[in-house]
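Two complexes are shown next, each including subunit A; its partner changes from subunit B in the first to subunit C in the second.
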Partner chain A sequence: MEFMTWNFAMQAIDQIINSAAKTLYMSGGQMGSPIVFRGPNGAAARVAAQHSQDYAAWYASVPGLKVVQPFSAADAKGLLKTAIRDPNPVVFLENEILYGRAFDVPKLDDFTIPFGKARVWREGTDVTLVSWGIGMSHTLEAADELAKDGVSAEVIDLRTLRPLDMATVIESVKKTNRCVTVEEAWPVASLSDHIGSEIMREAFDHLDAPVLKCTGKDVPMPYAANLEKLALTSVKEVIDAVRAVTYR
Partner chain B sequence: MPTEILMPALSPTMEEGTLAKWLVTEGDTVFAGDLLAEIETDKATMEFEAVDEGTVGRILVPEGTEGVKVNSPIAVLLAEGEREADIGSATAAAEPASPAPVAEAPAPAPESAKPAQAANAAPAAPAASSAGNRIFASPLARRIAADKGLDLGRIKGSGPKGRIVKADVEGAQAQPAAVAASPMPDTPGAEAIKAMFEDREFEEISLDGMRKVIAARLGEAKQTIPHFYLRRDIILDELLRFRSQANKQLETRGVKLSVNDFIIKACALALQTVPDANAVWAGDRIIKLKASDVAVAVAVEGGLFTPVLKDAHLKTLSTLSTEMKELASLARDRKLAPQQYKGGSFAISNLGMFGIKNFDAVINPPHGSILAVGAGEKMPIVNEDGEIAVATVMSVTLSVDHRVIDGALGAEFLSEVKTNLENPIGMLA
Partner chain C sequence: MAARRATKKQAAPKEELLKYYKDMLLIRRFEEKAGQLYGMGLIGGFCHLYIGQEAVVVGLESVAIEGDKRITTYRDHGHMLACGMDANGVMAELTGRIGGYSKGKGGSMHMFSKERDFYGGHGIVGANVPLGAGLAFSDMYKGNKNVTFTYFGDGAANQGQVYETYNMAELWKLPVIFVIENNQYAMGTSVKRATKSSSFWERGTAFSIPGEQVDGMDVLAVRAAGQKAVKHCRAGKGPYILEIMTYRYRGHSMSDPAKYRTRDEVQKIREERDAIEQVRGRLLDAGATEAELKAIDKDIKDVVNAAAEFAKESPEPDPSELWTDITVSA
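On to the complex of A and B.
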């Protein structure tokens, strides 16, 4: 099922959460709901407050759903195939800006990517950057900039938000001792908050600094282009956060 | 959470200062770089700038307050969206920590006021360590420190608000020797020692300021100064004859010279004859003094003082004798002024009156040497003619700081002392 944007899916959120996500559980496993809901999520460009919302944390909080938010074209392809084959309702969050971005895609007969497996985009030793979807653009660019200053960042693309591959993140934080999460959604009750709390629980003794998050601002999305830019996170915010946690 | 603004250290040595003037009032909005207050140290008045932006929520230390400890909270800064009601948690959290510094504060004051040799009181470890103030360290830094057996109290944090982070504990690892050689070696604690005597009756005596200074200074001296010892016997008969003659003549003036007065004079003159021995160790250099300022150890109830006789080489025996009596009397009453026990390059410690034959004294830093004087005793000697004779012999030991004075130089100095004492008339010239 395709939504023109996930903003319009709000009319159907009762069906997605109360019907699709609950059917398997409430029928005692007798009935499933194998539907893929897909469409662009989050801010595009100048579509204002009602059409720029990021639903990642909303849907990722719901048991019974699987939630995917790919960054690269290859991941979008491989994950979509997995989503269609999955017997559960899958929320597939795409991004309008990324539609225009080119990536290499492997030519394989049956290329799929499993759910719940994060991808390590680059290895590093000083800080772990955790992101997904469009947040990965800021993150990878920041990692390039930081490398010029001798800060080695490990970049993890979560790809699937439910189930969440925390094992890869924890493993990385144990190595780097610091973590910054990057997303464009609102800061309150965000996925970054959940990831931060999991790291604190699983890797407390490995932390050399608090886990910081770079998120969208706590405001409705402005229409004006300059304000819209300020309301999202940026490469500079990521670099600043990394400097803070690495004490440099 | 509201941020506490802490009393800044405006110089590396600053421990406390006066909050001379607030340049903001409660409710003011400040930006990084705005002037917050004027802070006065013993050296200067300096302006204190805001590091973060926010609203001044509450001023905790009113202006004009003296003796504000570095790093104690002086105001609370509210970030955007925080209200004054939020301050409760910040100050409440700070309060349990504050009684400790407050209770501690008066303690060091009387200690340094006491006329002990507190001139440069012992570097008493890191003051704010485990004593009371909480140490902020990242979880990782804590774990590394625990693994390596490092005391976080001895590590300076480079993170925000002095947080100890990974880099700090790793840096500390690089010099494990320095940590191990710190002035507090891992001797068993008081409780462990008490446990050894738990079946015996004992009394506990708490340390007064003088005892603490003696323990710290002399502990440090014996551990850090490379001492070596030079011994000589001095024949006193000539000096004793001269002294009784002189005392007869001085009787009318109420002056009675002691053997110790002669020793002071002999040493003061020797320091002039061998000026290289008139020197002290100053860490990265040697300080060579012009005048002979001779310190003399005086035992008092519960400890000792070392008043200094300044310009002793210029003073007559009778002046030295009178001055020494005055200083000793002041010392026993614990009324010596700091300038009366400060300085000197050399000291004399005389236990002859207690019948001690000879002993090795501990150098009193920063002095370059100390002369330990034993009792003058009649004993058989072989005189210059090769015959056995009876003489009054006094044994002395010069303890020398090898960093300042080498063996030959020390020997030359001690030889001068001996010559002076064995030819007392020469000292009058």
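On to the complex of A and C.
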């Protein structure tokens, strides 16, 4: 089931949440809803408030759904196959800007990627950067910049947002003792907030700094070019957050 | 109850025709300029041009009175110009500048003017229709004679919320005119491929809402149908549906190459049914001279060029505007 954009899926959000996500539970396991909802999520360019919204945190909060947001083309392919084979409703969040970006894709007959497994894009020792989807663009670029200054960042792409691979994140934080999350959505009740609270619960004694989040600003998406840039998070914000948690 | 399609050719005095000519030409030239500015990168994102559909808003605005409201979709530039909003302010919104109607924060699809009773400019297909009924409810509640023109397209006419709105509007006898601008394509999907019964106005009969189909390329036919509709609404008889048969010459948005229809199809309508050419012909028949019309063309070009200059020179909003207008201070 393709949505032209997830912005338009709000017209069908009752069917996604009240019907697709809850039927298995409400029927005592008799019947479920094996369906994949896919389409671009988040901001494109200059399409303003009603067409630029990141729904990752909304859907990831719903029990009964599986939620996926790939960054690389290989992950998009492998996760989409897994989504189609999964017997549950899957919310598959793509990104319009990433459609134009090229990645290597392995040539395999049956290439799948399991849900609930994060990918460590680069290993590091000084800070853990956690992101997914388009947020990975800023995160990897920031990690490159930080490396030039001698800051070694470990970069984790969550790939699946429900179920969430917290084990990989916790393991990394125990090594680096610092964490910054990077997310396109609004800051309030964000996935970053959830990840931060899980880290606090599971790895509090390992933290040398508070977990910081880089998110979209707490405003509807403006149309004006200068304001749109300010509304989105950026490579600079990620670098600044890393400097703050590493006290450099 | 439901009226049949009006076939009688309407007539109008020269002064009236001149006004329609000017208003329609302003929209067309404005949209052509917007297309140019988009090509130059001064307008970004989505930009849906109204070229071809000018007679719809100009015909209906000719029957509006002070206090009447209008609400529409994202193809909204024509509606704003027709209801008297300033070309400079509309163009500057398209370029995302502080001089725009929404301070550059809304863009092409999201513009409003409380002063002119223009309630947007909405980006989600069909979502403005219940809002239009809400505006009409406020007029009914206040007990005035105003009506709300609620515009939407043939694509939106297949959205469920339109029919929920029809039911309430007729139940509560709301003074709302549902204007279906049937330009025959929901983005790239022709009505024939998307809709079982292609007569949209007839769907109102299930709710006891009267309506009719109108030739949307003839501004006088639109005006005549509009007169009937407002008379019905202002008399407290409830909603009315106008399915206005129109045609957009350009793509759905600037990023649409329009490969779902032939060049010939567009060309044929431009040549045979163009709304502005029809009025031009009527004007010449009524004794207007080529020189007179040329002078109007020039005046309009000047207005549009000035709007483009204003839209280029108006500054970007101050960064502090990012944080304003989110909630009203209590």
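Quick note on the criterion: the second predicted complex is superposed on the first by the 248 of 248 C-alpha atoms of A that agree within 3 Å, B and C clash if a C-alpha of one lies under 4 Å from a C-alpha of the other, contacts with A are read in each partner's own complex, and residues count from 1 in each chain.
We adopt the following convention: contacts are C-beta pairs under 8 Å (C-beta built on N, C-alpha and C of every residue); 3 or more make two chains touch, one makes a residue touch a chain.
From a predicted model like this one, the values you see are computed outputs, not experimental measurements.
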Three-chain arrangement built on subunit A, subunit B and subunit C clash or fit: fit
Which superposed partner A:189 touches (first subunit B, second subunit C, both, neither): neither
First (subunit B), second (subunit C), both or neither touched by A:31: neither
First, second, both or neither for A:167, with subunit B first and subunit C second: neither
Touching partner for A:204 - first (subunit B), second (subunit C), both, neither: first
When both partners are placed on the shared chain, which of subunit B and subunit C touches more of subunit A: C
For subunit A as apex, the angle formed with subunit B and subunit C - C-alpha centres, to the nearest 10 degrees: 120
Which of subunit B and subunit C A:177 touches, first, second, both or neither: first
Per-pair minimum CA distance [subunit C against subunit B, superposed on A] in Å: 11
Doubly contacted residues of subunit A, that is, touched by subunit B and again by subunit C: none
Subunit A-touching residues of subunit C, taken from the complex the two chains share: 44-46, 93, 96-97, 102-110, 122-127, 159, 161, 316-317, 319, 321-323, 326
Subunit A to subunit B touching residues, read off their complex: 177, 204-209, 247
Subunit A to subunit C touching residues, read off their complex: 7-8, 10-11, 44-51, 217-220, 222-227, 230-231
Of subunit B, residues touching subunit A in the complex: 138-143, 158-159, 165-167
